[in-house]
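For clarity, chains are labelled A, B, C, D, E and F in written order, and residue numbers in each chain start from 1.
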Amino acid sequence: MKDIITLAHGSGGKLTHELVREIFNKHFANDTLLQGNDATCFDVPQGKIAFTTDSFVISPVFFKGGNIGKLSVCGTVNDLAACGAHPMYLSCGFIIEEGFPLADLERIAASMGETARECGVKIVAGDTKVVQKGAADKVFINTSGIGVVPAGINISGSNAKPGDKVIITGYIGDHGCSILLEREGLDISSDIQSDCAPLSGMMGEVLAAASDVHVLRDPTRGGLGTTLNEIAIQSNVGIRIFEEKIPVRNEVRGVCELLGMDPLYMANEGKMIIIAPEASVNTILEVLKKQRYGVDSCVIGEVIDTPAKRVVMKTVTGGSRIVDMLTGDQLPRIC
Amino acid sequence: MNNLIDEFRNSDTARKMVRILSEYKGRPVNLMEVCGTHTMSIFRFGIRDVLPESVRLLSGPGCPVCVTPNYFIDAAIELSKMDDVIITTFGDMMRVPGNGSSLLEQKASGKDIRIVYSPLDSLKIAANNPDKKVVFLSVGFETTTPVSALTVIKAKEEGINNFYLLSANKTMPEVLKTLCLDPEVNIDGFIYPGHVSVITGTAMYDEIAEKYGMPGVIAGFEPLDILHAIIRLVSNIMSGRVLSENGYKRAVNPEGNPVALARLYEVFEPCDARWRGIGLIPGSGLKMRDAYADYDAWKVFDIQVTDHSDPKGCLCGEVLKGKRTPKECKLFNTICTPENPVGACMVSSEGTCAAYYKYDMKR
Amino acid sequence: MCLAIPGKVVKITEKTCVVDIMGAEREASTELLDGVKVGDYVLVHAGCAIQKMDEQEALDTIRMFEEMKDIAHE
Amino acid sequence: MKDIITLAHGSGGKLTHELVREIFNKHFANDTLLQGNDATCFDVPQGKIAFTTDSFVISPVFFKGGNIGKLSVCGTVNDLAACGAHPMYLSCGFIIEEGFPLADLERIAASMGETARECGVKIVAGDTKVVQKGAADKVFINTSGIGVVPAGINISGSNAKPGDKVIITGYIGDHGCSILLEREGLDISSDIQSDCAPLSGMMGEVLAAASDVHVLRDPTRGGLGTTLNEIAIQSNVGIRIFEEKIPVRNEVRGVCELLGMDPLYMANEGKMIIIAPEASVNTILEVLKKQRYGVDSCVIGEVIDTPAKRVVMKTVTGGSRIVDMLTGDQLPRIC
Amino acid sequence: MNNLIDEFRNSDTARKMVRILSEYKGRPVNLMEVCGTHTMSIFRFGIRDVLPESVRLLSGPGCPVCVTPNYFIDAAIELSKMDDVIITTFGDMMRVPGNGSSLLEQKASGKDIRIVYSPLDSLKIAANNPDKKVVFLSVGFETTTPVSALTVIKAKEEGINNFYLLSANKTMPEVLKTLCLDPEVNIDGFIYPGHVSVITGTAMYDEIAEKYGMPGVIAGFEPLDILHAIIRLVSNIMSGRVLSENGYKRAVNPEGNPVALARLYEVFEPCDARWRGIGLIPGSGLKMRDAYADYDAWKVFDIQVTDHSDPKGCLCGEVLKGKRTPKECKLFNTICTPENPVGACMVSSEGTCAAYYKYDMKR
Amino acid sequence: MCLAIPGKVVKITEKTCVVDIMGAEREASTELLDGVKVGDYVLVHAGCAIQKMDEQEALDTIRMFEEMKDIAHE
């Protein structure tokens, strides 16, 4: 095998099979994966099935705190966890640009395998496409995931009730900010690293301790601000958050001040918003704070009646302001 | 001192100031925050929400994106269509609608348009693309123009001859005087732009107080700075003190930044300028001096732009002069939204209409 | 207009300095400002240091803010 | 909404939601899709679950006989059908290049919706990413699919037995050939159109009539030649095909002769290889010939003992030759 | 006639011919199909599989890709690394290994290398990329060289001055004579290349029969053509008839194609040439005449390639001369496969080793 | 070497013709071959018509193939 990906690796012929065998099957190894058919067949336990998909197009492919492979597993596992599901099976579809180093592909696959093992999920179906140089930006990964929702769990963005509390499982904006800085051109250096992490284990513990959680959602693209808006609309409620309670690292604040951006709209890849009845909040926080990915969890707000379908933030002045959905990407601004 | 930011966001002090303001029982006062960054801070920190009814804030013409006329965007788009041109710009300009398109759309359709954090970053791009012509869209007031000027001076020093400015830079004094003289404008005092003042110093505000009878306070951009400026203005207006005060002494000296001013006037000279929605104001703009004609995109390129009128129905001009609030515009939140801005006031994140849309609790 | 932010100078070269803003660092030109030293707070705008920040004035201002009374007494 | 895709459509903010609502939800409309959560939850009937994924990177996006949207539904539905599964749910992940016309995206989504309805499958989960101009080639689509395998069906590439017959459900090479010609540069014109079609309905009928089918597989990338090799290896058998029985359209033959290519390695997107005991062949052919996508079905070969893991072809001279897996893409050759 | 193809693939006639051959009981004969396209056809139609043991086919040096030496690929790669160069080539050349890399790998790492169906297509590319230099990799024998020549003539006529050939074109007669004279080569008759003959006519084969005592049959590329040629050769050899016959009369005239030959020799002139694995053969190559020096990439570009030796352990040279079969090469199907070709014989789809690998039932 | 294929000429222009190969059409230069007419079979190589194909010869060849006897009698 040569040291870069060529179109031949995507032709469906011998090199494709070799690639699958020597990189993907090696790192994803599990009994279900190796059926070698057009689809993979398996039994699932009783319960509702949860199904989700995400494509990952991140640039750079390797970044502080992770890489596109780890991210692609975390992203889908977290979406399943956000429905209260126990993630079981993943598919992964690679779109690779001709010329991509095989060694980098292997690092990515190794990360995927490792992260999948960490959350007890099996990668059981895959696909590899190679496109001409210049027809994709290095590598894109789609993962789709299947999970099972245990009986008695009923979680949805439409379940938020006035009086519920809003918890975030840690500092916001780390992922978005670290990626922004790794892209060329801004010349800002910092220690910020992506928070990219699989949260299904932690969420399983939370639900085991408090089955009455109303809403879970991971504030990825669009950040906390956009995600809370989605929930407010879906549940037809208002959400009030408190500026001073929202955990933001100093470096993230510094970068945002410099570029005129708002951490509320910066992506997270290892955080969960939990909305639950006030009575369960202490139990939930107790569980979270024992978890590697939840030590900085805190309550940041509450669900209110009005204004419905709106998120408002109480600021340091004691005044309130609307937190709208993000419109377009945040662009560095100067004047 | 921790970082000179958090100290000025102290919640207890802020709430105390809010309490002081809430006790104001005098006649209604109309204050104009001239600067778009003030507008942003005011909304971001919920300051409008905590003011008593009788203290009203109007947003002024101090957002360079908002006051840049359509034809500037059209000219930039025309340049971007040239195969060998790379446009560099502050992110703010990307969404501003020209006549029919925006830089964001042009970029999406393949034009080489790059967002820079600093005009100086354009020089690296020019050096790395010797077969291209790099045009920086130079907008901004006295704060920003020295950086554009420095960039041109460095291009000349370093022999980079594929770099140009398309400039629409403006200055503050004349537009402030225009507002003071406009009989329809009803302002009792100005919150002056802190970062313009960092460069210009404070003398021009004394003139406005003395000759135009308008009080003002130079303010920083943190919530305590703004609340303080409001309290001072209300207090001065109440007591009939027509003063210009400096509430931003940690950054603003009376003499400003003479090095930056020297750079600015090395490259630029005053000219008349067209403000979106307001029109032509004599002496309110900056153009590149003939000595720098080789770096002046207006002179180097053959730009064919007919000076279109402002978008139909948009009240940007009135809004920029503080005569109307965005909510008085029929297009606000109906046709005109940040996703589909009609006027520049809706597109710049500093724009008054955008700020009302994004942050105003009463929308 | 004119987003600018205070940062602490942590390094100086001939025409530039490195400023620290809450832990994030960025290079800024010092060609618009004379006499920048390590340890200074400078105001950074569009990649340039455009003014020094005066810490003593900042302290005085904060004290003044804290001591504000009602509007009539201002 | 503007008439082209901009990065803002992928920012996760308002325009993303608008896009999803006005294009995807409109054309994919079904009750399960609209839950609005991170994952979609549903019940599945008893039976084994089949799960598969494929990314579609075809250029051009619109081609004679279909477009990337139709293809992306057919491809995954056919992979499920190739496991004997009844396809039920699809996810779709779009990666769109900035500047792509919204009208084209809507045509693609409409095709997907239409094809999904044709085969009774629901698109229930989606994702949209927008990448910078030049970072992808117009649009890529990943679809993942879930199906249910009825009890009593046991289909796998490893089930071929010596004595079995090999059926192909129609003319080979149409898709690969039509795409080759639509790409710029060859300047060859013809009426060939892609055979892109969803085969799940037809395969359901086949299995209902003959539940003892051993192998199903759709010869997509790599073509008939490569796919038969995969089966021969997986089942540890030989496969013998007969040159004169393989249905190839004249135009496809013409193009292949002109460019020095082999129709055996040209992709198909609406064909199925069926390997079944001889006793069931007539039943199967009877069912197939009544189906819109199966009228040209025929037996092209047989499973043999030796040479194991090899495909051989009996040619017009009566001699045999190896049909190997494709190595790399077929390139037009001249000398 | 239907399409002049299917008629020559008739199964009944083919099987009858196979039966005739199977009745051959004479001494073993070694026939060489000179042309790579014949090699391909022979394998594709399973002809080797139906021959009696005593009729053996050897594959000759008639695959232009296979006989192109390493340094040509290295030169092409060197050109492709120049920023303003676009390489155009037949698809066949893409996988050929040079010293350490191939065009396919170079393309994968971003070089602008484009596959064309016709050299003439390069002219369109040159016209559409006026700021680039388009270099066509011109390989091939008498069939193909006229097309390369025509392309250069048209470039000159149309004033396209950013088009060049990197040429390694070769001719048949000298290599055939070299084979006849090589004492180690054991051939009883040639199957002559039908499409070379279309251009050259038949005279050169008469010379080979008369002066070198070697019989031959010019054959088309369909199974019936090849089976017929084999039968004729076996029959002539058996009967001691040292003849050159034309079995491809529907396409080959005695005089060939004079227009094509005139074009060829307008642009090219004979020269000595290096054949991979065989070495230098005087008068066996074609180089561009001085009148076309402006289109000759060897002359226009500064190409620094040291003439490396052929890959270690590869028997391509022996295989090309019919001295050994691929199966006698230790690298065959171990280290050397179509996915990882060591020698050109494995990479070209016409290459003898590739044909053995892909199609041979006894691999 | 030299993959070439017979195609039927269906159209002629000044320097090119269009050939039909089992239903697929491609333009080919006629600048290497004089006197190409619509209805002719030509041999196409690398985008050029390099020779006319003689249908009568083709028929004769096929007849000869069909009538072949054993090797000794050839």
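The criterion applied here is as follows: a contact is a pair of C-beta atoms (placed from the backbone, for glycine too) under 8 Å apart; a residue touches a chain by one contact, two chains touch by 3 or more.
Here is each chain with its UniProt name: A, D = Hydrogenase expression/formation protein HypE; B, E = Hydrogenase formation protein HypD; C, F = Hydrogenase assembly protein HypC.
Just so it is clear, the model here is predicted, and its values are computed rather than measured.
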Based on which chains touch which, give the shortest step count from chain C to chain D.
-> 2
Please state, in steps, how far chain E lies from chain A along the shortest route of touching chains.
-> 1
Other chains in touch with both chain B and chain D = A
Averaging each chain's C-alpha atoms to get its centre, pick out the one most distant from chain A.
-> F
Max contacts between which two chains?
-> A-D
Interface overlap for chain A and chain D, more than half of numbers shared or less than half: same or different?
-> same
With chain centres set to the mean of the C-alpha atoms, which chain is at the far end from chain D?
-> C
Separation of the C-alpha centres, chain D versus chain E, in whole Å, is 37
Chain B and chain F: spacing of chain centres that average the CA atoms, whole Å | 75
Inter-chain centre distance, chain C versus chain F - centres from mean C-alpha coordinates, in Å = 83
In chain B, what residues contact two or more other chains?
-> 3, 5, 10, 17, 36-37, 63-64, 90, 104, 117-118, 121, 140-141, 143-144, 339, 350
If you look at chain F, which of its residues touch at least two other chains?
-> 1-3, 5, 21-22, 45-46
Multi-chain contacts in chain D, i.e. residues touching at least two other chains, fall at 6-8, 14-15, 134, 186-187, 250, 254, 257, 260, 327-328, 333-335
Can you identify all of the chain pairs that touch?
-> A-B, A-C, A-D, A-E, B-C, B-D, D-E, D-F, E-F
Chain A contacts chain C in the complex at 181, 186-192, 249-251, 253-255, 257-258, 260, 333-335
Listed in rising order, the residues of chain A that touch chain E in the complex are 2, 4-8, 14-15, 18, 98-99, 133-134
Mind pulling up the chain B residues that touch chain D in the complex?
-> 104-105, 107-110, 339-340
List of chain D residues in touch with chain E within their complex = 185-187, 244, 250, 254, 257, 259-260, 307, 312-322, 324, 327-328, 331-335
Sort out for me which residues of chain D touch chain A in the complex.
-> 6-8, 10-17, 35-44, 48-57, 59, 78-80, 82-83, 85, 89, 91-95, 124-127, 129, 131-132, 134-137, 140, 142, 144-147, 149, 155-158, 216-218, 220-223, 226, 230, 234, 265, 267, 325-329
